[in-house]
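Next up: the structures, one after another.
Paired with chain B in one complex and with chain C in the other, chain A is shared by the two complexes that follow.
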Partner chain A sequence: MKQRRQVTLYGLTWSMPIVVWQLIFFVFPLIFLLLISFWLVKNYRMVPGFDTVNWVKMFSKGYFWDAYWRTLGYAGVATIVTSILAFPCAFALAFKVSPKVRRWALFFLIVPFFTSYLVRTYSWQIFLNDNGIFNTLFALIGLGPFQLLNNFFGTLVGYLTLCLPLVVVLQLISLANVDRTLVEAAHNLGCGRLRTVFQVIVPLAKIGIILGAVFTFILAFGDFVSPYYLGGSKPPTLSILIIDTTKSGQQWPRAAVVAVVMILTLLTIMFAAVGAAYRKRT
Partner chain B sequence: MSATNAPRPLVSFDAVSKRYGSVIAVHTMNLEIYEGEFLAIMGPSGCGKTTSLRMLAGLEEPSEGEIQLDGQRINEISSVERDTPMVWQSLALFPFLNVQKNVEFGLKMRAIPTEERQQRARRWLERLEILELADRDISQLSGGQKQRVALARSLVTEPRILLLDEPLSALDANLVVRMQGVLSRLQKELGITFVYVTHSQSEAFAMSDRVVIMSQGRIEQIGSPKAIYRSPASRFVADFVGANNILSGSVTGTGDALGISTAVGHFLCNPSAAVDYSEADNLDMVISADLVQISMENPTLQNSLRCRFISEEFVGSIVTIFAELEDGSDFKVQARQRDLANMALEEGATFFASWNASDAHLISPNKA
Partner chain C sequence: MTDIKKHKDRSVAQTAQPDAGRRKIIKGAGAITAASALSVPMILVPPRANAATELNMIAWYGHGEPDMVEEFEAMHNVKIKAKYYAGGDNMLALISQSPPGTYDLILSDGEFVKLLKEAGYIDPMDPNEYNMGDLYDEYSHFDAHWMGDTLYSVIVRFGYLGVSFNTDIISHEEASDYNILWDSKLKGKVGHFDWHLPNLGCLSLRDGNDKPSPFDISSAEWSKLQETTLSLKPQVGGYFDYGGTFASLKNGEIYAMCGIGDWITGVVRKDGSPVDSVIPKQGGIQWTESYSIGKGSKKQDLAKEFIRYITSPKGQVRSIQMAAYPGMSPYKSGWKAINEANPEEAKRQRMTFDGPNCIDDLREGRIHFRQTPVRQSLEDWNDFWSEYKNA
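And now, the complex of A and B:
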């Protein structure tokens, strides 16, 4: 009996740091954020209290809902585009190349994370602006100039910069674990090559594909850098709305409302997606 | 199968070879597989048996030679287009589909309408006695049940040939025997060709009409289980199949009383029509362990050897005795346990092993 208690104590002691860390830096701030959303601002100063006025105000504003659906749409498009662009690449790396090439590819997919995302995003401006590298090249063949910056295309380029390497890696890991015998079995049962990809390989690599999509959605949904520097910050996404709200009249409580709504949205989508990823049948 | 009414070959391998770089997995293989037969391909791992099966299924392409199915060259026909369903060692069931959907898969690929597809799948599930599992997940099935699902999935398209790649090797011994019965019965009822790759002699012998023994990419012998067991064509087959004793020696008398002189004595054999020999030729003499009689004082049969008892292996009614000859080589004897009951066989004891001249089988050592 004493033995068992010691073991439990030992386990508790060593698991404590992560619990304390999570409490201090995640749970408490989250509770604090939720509380702030009910506070009031009087004479540009926050006053603790409990009033639903911030929630009512934000939910009744057209610009809030516009930003909400826009952000949801941006993140959705980013998720679909990233997943579709990543899949052929991950597929080729998993099935068509030698293990040596695969190792090098993995290395080069991780290298982008060596530099700051902000720097990478910012440098896209040189490529995308009206006199940038792309438009100069287009001009050589008599095309353009195209508007590549300060619109959704620019934002999307930023999202892809952030997510594409990660999604390729996640999909690759899943695809590399697909049992080749099952692929052969599909062929053996009369399932053509392309059809096998969708009927057998995608369901088998489902977890990696969905995880990649979830990461893209989360990163794009909360991203500030791409819509601000490449998308031109207007019309705003929710993260830009948060900044704007805090700047105009110290409205931290209303910004907290936006943040809480974002967190709830992401949690819902995450649980749904992870649930779908681990559900047995298709 | 009489020679005049020979069934026509459904499959033929015509000088088929398969190379992986400098490694030759299958070496100029010639084989005809007949309509409606149960053929086992047997050999140690790496002998080319699975590669042969995979070439037939279109999962590997022959480096040389031609494979014909029903008289048509199929080398260039992709695995997808051939109707040569296979049952894998791992069974290769789709984990993301339930039992019914797994069985329907092949029909779905052939664009069979949903209703007919479901009916046909259920008919096969019923035939394999797993209809009540139709809605289960694959992960909820036992080994034997998975086996039946894999069979149903392969047979649902009603193919003329079924390929099986060591499908029973993951099952426990009792279940293996039961599934052998299921497979045998199924093959007879359906009347289609089964090609069964295995390393297990008991599986191959229990089910098949003919057995192909392979070694290092080459066919060593093709024949009925009995022919393989009693008349091995080469030293490899004699070693690989059954419990055989092989004594090498030279011919010391031809004609009716063929004599073989070996390091452990001189023995008489019946002349063999299958082997060419003349005076002083080297020959291998195969004596099956179960044709040897054992006695303590005097030998009971024509040819005899003095042996020293080393150990015994007891598996129910049959006992295998491992002994040593005068020159240190091994000798095996199989006997019924009740016949040994009153013999004082303990370590170091000497006894006589004897056999009839007619029970020794001759092979030419150059066919090694």
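And now, the complex of A and C:
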């Protein structure tokens, strides 16, 4: 029988800051955003009211749904690619290198965050453009030029720039906490290397791996910088659609519709993923 | 006596008359503070007459930078505080969110002056107070700035939009026809400055909608324009903001763009990149920038003085060569001044008195004023632009 946990004053006091934070910086703005989506724009000014016209308008537009499914797809691909690329690196750092190397690796994984993401993204243009560093190197061996910028490949490079170091760190934390005796036990019982990785280590590090994937999805889904500056806004994602909507006619209420849909999508995916991460094996 | 003893004695004395001591301290501190408050400003703060007045401006990026305003600031002991916007809609929104009188000077594109007036954001202006007599005839009664007989904005500069291109890939002759954008050698190499109005305006000219204006088109012409624009999609390499447009032309990622002009390529060329702009045979679009005085401004005289300065020969030389993006002068004395100060730039921007010049393009009817759509709503054009980007 489940025991009901008692809420003590002590516990309540300590949990208050996070509750207050969430209320002020998430719940209230979200409610405000939802309200704005029912407002109207007259003479470039928002007029408070309650009209579903913005919802009807956006939902009836083919380009909204195109951008929605595209953004979902982009974020999904980014999540899979980032998780796959991050895992061998995190695995090596957790199991194959000395603690000293691991500390240095962690340091170098964090260093990129010292620089603005926008600057890092812009600098990729020097590498990826038609006359850029990569195509110059390809030309030396008689290849190319390849179109690396202003397409999905460019966007994906941007997503990886944003997410890969973070995902490696999250996976590493989880892998480093895997009980080594269980790995040894698997080996002693005749379990092969690959089978140990996928049937022992991955399930034990499941939380970190899923959290890393969720972070990638959230960051990629809402990112404006990579699809705009490396993808050439071609075709646009939902974040670019928000900018387009506000730029012409100051249609903040319609942009709010897009934003609310994005938040609801992310909440659904996040709850599903976190549920999967913490689900007990039966 | 030890230090401990001294400390103890002091503590006892303070304990014996606590209130009297505290009062004395407060009184003393109060006296010192009052004395300081009275004397310090006399010593440290310069007389108020020398403090710079602030003049608030809302403008496109660059207009409040030192290369444009430092001389005026020094002449009038004024500090120009600029708020920059990115597009006319953004400007209107920023003004609507600010209390009346926030901006003394409002710089806007011609097509937004009417909207500024209708929203009650700007004051009427007396043409006699400005250098109107110095304007070329084409600008002396510029329609977008006059509502009936009342002037609401004074023009500062203008420029043309047509085709901008990489001179290593495309010749001037080829670029002089909008149809070059569909050429197979430009597949994936055509870029767009991400704003529907200049792009659709230029493509409307390509469709032959030059009378009365590429923005004044019938339903059938609008349908055709949409068809034309969508057919360009396979050629498109990207949609860029101001920085992205610069970068893509500079690094050779994009070979051609329509709807932009020398205001971008003039700056890219300074960096040594092989780019240029032309007005195609089908015609080009014109942008203008002008100053209005914000309603409720408490520094109207100073604002008028600034407008007189920036439209004077000295101000025009700065405006023509503005570091952020160049622009042509509608003032005769501005042309004379730039020919004396920087003849090369005058020649580059075709503001010369001998031979064909930029005003001739206007006289020949090749240039059309950029405006909001006349027979469709702005929303229709914007919606289509979103559809085009997603196609």
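Going forward, the second predicted complex is superposed on the first by the 255 of 282 C-alpha atoms of A that agree within 3 Å, B and C clash if a C-alpha of one lies under 4 Å from a C-alpha of the other, contacts with A are read in each partner's own complex, and residues count from 1 in each chain.
Assume a contact is a pair of C-beta atoms (placed from the backbone, for glycine too) under 8 Å apart; a residue touches a chain by one contact, two chains touch by 3 or more.
Here the structure is a predicted model, which means the values were calculated and not measured.
Chemist: With everything superposed onto chain A, say whether chain B and chain C fit together or clash.
Modeler: Result for chain B and chain C: fit.
Chemist: Using the touch definition from the top, say if A:E184 reaches chain B (first), chain C (second), both or neither.
Modeler: A:E184 sits against chain B, while chain C stays out of touch.
Chemist: Which of the two, chain B or chain C, is in touch with more residues of chain A?
Modeler: Residues of chain A touched, chain B against chain C: more for C.
Chemist: First (chain B), second (chain C), both or neither: which does A:N131 touch?
Modeler: A:N131: touches chain C, not chain B.
Chemist: Does chain B (first) or chain C (second) touch A:K42, or do both, or does neither?
Modeler: Neither partner.
Chemist: Just chain B (first), just chain C (second), both, or neither: which does A:R195 touch?
Modeler: first
Chemist: Check whether A:G62 is in contact with chain B, with chain C, with both or with neither, and answer first, second, both or neither.
Modeler: So A:G62 only meets chain C here.
Chemist: For A:P203, is the partner it touches chain B (first), chain C (second), both, or none of the two (neither)?
Modeler: First partner only.
Chemist: Looking at A:Q147 after the superposition, I want to know if it touches chain B, chain C, both of them or none. Which is it: first, second, both, neither?
Modeler: second
Chemist: When the two complexes are placed on top of each other via chain A, what is the minimal CA separation of chain B and chain C in Å?
Modeler: 45
Chemist: Both chain B and chain C touch chain A; at which residues?
Modeler: none
Chemist: Can you tell me which positions in chain B touch chain A when the two form their complex?
Modeler: 57-59, 78-81, 83-86, 88, 90, 92, 94-98, 105-106, 109-110, 137, 139, 153-154, 157
Chemist: For the complex, which residues does chain A have touching chain C?
Modeler: Residues 43-45, 61-63, 66-67, 122, 125-126, 129-132, 147, 149-150, 228-229, 231-236, 241, 244-245, 247-250.
Chemist: Show which residues of chain A lie in contact with chain B when the two form their complex.
Modeler: Where chain A meets chain B, its residues are 179, 181-182, 184-193, 195, 200, 203-204, 206, 280-282.
Chemist: Under the stated contact criterion, what part of chain C meets chain A in this complex?
Modeler: Its residues touching chain A are 86-87, 89-90, 92-93, 96, 115, 118-119, 188, 191, 194-196, 236-241, 244, 247-248, 251-253, 378-379, 382-383, 385-387, 389-391.
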